[in-house]
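First comes the structure, then the notes that go with it.
Labels run A, B, C and D following the written order; every chain starts at residue 1.
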Amino acid sequence: MASEFRERRRIEFYETDMAGIVHFSNYFRFMESTEHAFFRSLGLALHRDEGQGMTGWARVQASCEYQAPLHYQDEVEIELRVREKGRSTLAYDFVFRRVDAAGATGAQGASAPVARGALHVVHVARAHGGRMQAAAMPAEVARAIEVAPTLETPTRP
Amino acid sequence: MASEFRERRRIEFYETDMAGIVHFSNYFRFMESTEHAFFRSLGLALHRDEGQGMTGWARVQASCEYQAPLHYQDEVEIELRVREKGRSTLAYDFVFRRVDAAGATGAQGASAPVARGALHVVHVARAHGGRMQAAAMPAEVARAIEVAPTLETPTRP
Amino acid sequence: MASEFRERRRIEFYETDMAGIVHFSNYFRFMESTEHAFFRSLGLALHRDEGQGMTGWARVQASCEYQAPLHYQDEVEIELRVREKGRSTLAYDFVFRRVDAAGATGAQGASAPVARGALHVVHVARAHGGRMQAAAMPAEVARAIEVAPTLETPTRP
Amino acid sequence: MASEFRERRRIEFYETDMAGIVHFSNYFRFMESTEHAFFRSLGLALHRDEGQGMTGWARVQASCEYQAPLHYQDEVEIELRVREKGRSTLAYDFVFRRVDAAGATGAQGASAPVARGALHVVHVARAHGGRMQAAAMPAEVARAIEVAPTLETPTRP
């Protein structure tokens, strides 16, 4: 059972805006990317389109708090934690940290958080021509993912 | 003094994803676009880069709740309301409504909300090579923008 | 029969990059948007997804030449001209011009070109689970769209 | 002296569109990303903003030909080759190949090309408040990058 995941990515030029920093909307794309990598790391698919209809995970709520900007070429570590799990729903918390360039020791450490985010998602199914409707999450997802233990120093006080 | 603003836009093909709906990150771009149009409607600039440094409005917090999807070619009406105003900060609430195609009467009405969002922004200044720091909002902004009256039927119960 | 179309749009903050100008990839989104507005102006649909399969217009080739940058809040006029038309294919040329703010006369004129682009597209159909394959364009498209007359001063010498 | 570079990336959900494939505009972002990784691999910076002004590489021309679509979660290999080098200009050719999943041997091979692209870029400098102007490329770039040898089977006949 998995409840946490981390991955790193490098900020692209096309993810910046004229203020010289990463555009705030891109943090939501980064969260999605980490969520999908979390599923992939467990051998799970987030989205299926199989001829007779589509299943996926619709976004119900998304939020982000920005503490410090990210810049072009920054390496950022994104940590996902599963906060809630229902019959058809999952809620994730995310922490974004900038990875500091290696010093003399060669060690690379993640900085203090530069942003925190959250996503609430619901598993949905849709027959062709029909509407998306909430549906119980697949059994293999329910077996593979669990709620993360509460941190002693809570990330969202 | 202005406290509300509405604009309409049509959903572009490139704003959709493989689920056949508008990607959830784009709602944040739509909020920004409406915020900028609100400023422009008042003759105000949101972002200045004037040789000796930059001033702008950094995003501190962004959130969105999704009630129903938006699709390619949908016309959407975005309503902005000013919820809070500080010395250097503004908070906006947004409501997204799909515009129903004109019927026999030729009237075009906005639907029930399909999404609700919020942005908290802070006025910042940065000298070249320096860090962005919070700064009192320009006097012309403080004169032009005020908090919207509370709705009798609250939009965020 | 139509062979030309023009529309205007205002550059959004989120369309800029850290060089302070519109990111070059966005011109391709602008071309798509104008192509779709051209179809819409003729009562035609560019993309259909009707339960038994999908039809659309796949991009075969795309190009753009950049003469001068576009900036935040610039108003830009995009002109589409139909250059070629085959059984299942269309080729468009595009010219991007910045719209100069109204002067004393109140007139708004389009500037010299800031960019020129081209798209080659092919009408495709796909059964569910199948591959996209070229298919003759719908009869209503073939009836509505024709090749534009050659300009005396060619736009692509 | 370097004249070629390859990198791999995985297609993100947010890079797809409602046709279920990667949006054609994103190939231009992928080319930029590979160009920047090429520079980074040589210890070179593509963009500088140093208080007294900005230098960078403006796009003069961009093009892409699409042979087969890319889908969500595809791994794609992008090959860059330097085609031309002038005093202030570089021209790159790109080939996109889908990486086939490992078979019984564990080997991962790149497919036939799914797309080919090209970028022409010019080194530019801009003083604050001024216009971007072509400028000789930095000496360290001129020393590090050279034109790739012609392929016996040319990639762009």
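Definition applied: a residue touches a chain if its C-beta (ideal position, glycine included) is under 8 Å from a C-beta of that chain, and two chains touch if they have at least 3 such contacts.
Note that the coordinates shown come from a computational prediction; the quantities given were computed from them, not determined experimentally.
Distances between chain centres, each the mean of the C-alpha atoms, put D farthest from chain B.
Contact count check for A-D and A-B (C-beta pairs in contact): higher for A-B.
Centre to centre, using the average C-alpha position, chain A and chain B are separated by 24 Å. Centre-to-centre, using mean CA coordinates, chain B is 34 Å away from chain D. Per-chain CA centroids place chain A at a distance of 27 Å from chain D. Listed for chain B are residues 13-14, 18-20, 25, 29, 32, 47, 49, 72, each touching two or more other chains. Interface residues of chain A facing chain C in the complex, by the touch rule stated above, are 13-14, 16-21, 23, 25, 50-51, 72, 128-129. Chain D makes touch with chain A in their complex at residues 12-14, 20, 29, 32-33, 36, 40, 46-47, 49, 72-73.
Chain B meets chain A in the complex at residues 18-20, 24-26, 28-29, 32, 47, 49, 54, 56, 58-66, 69, 132.
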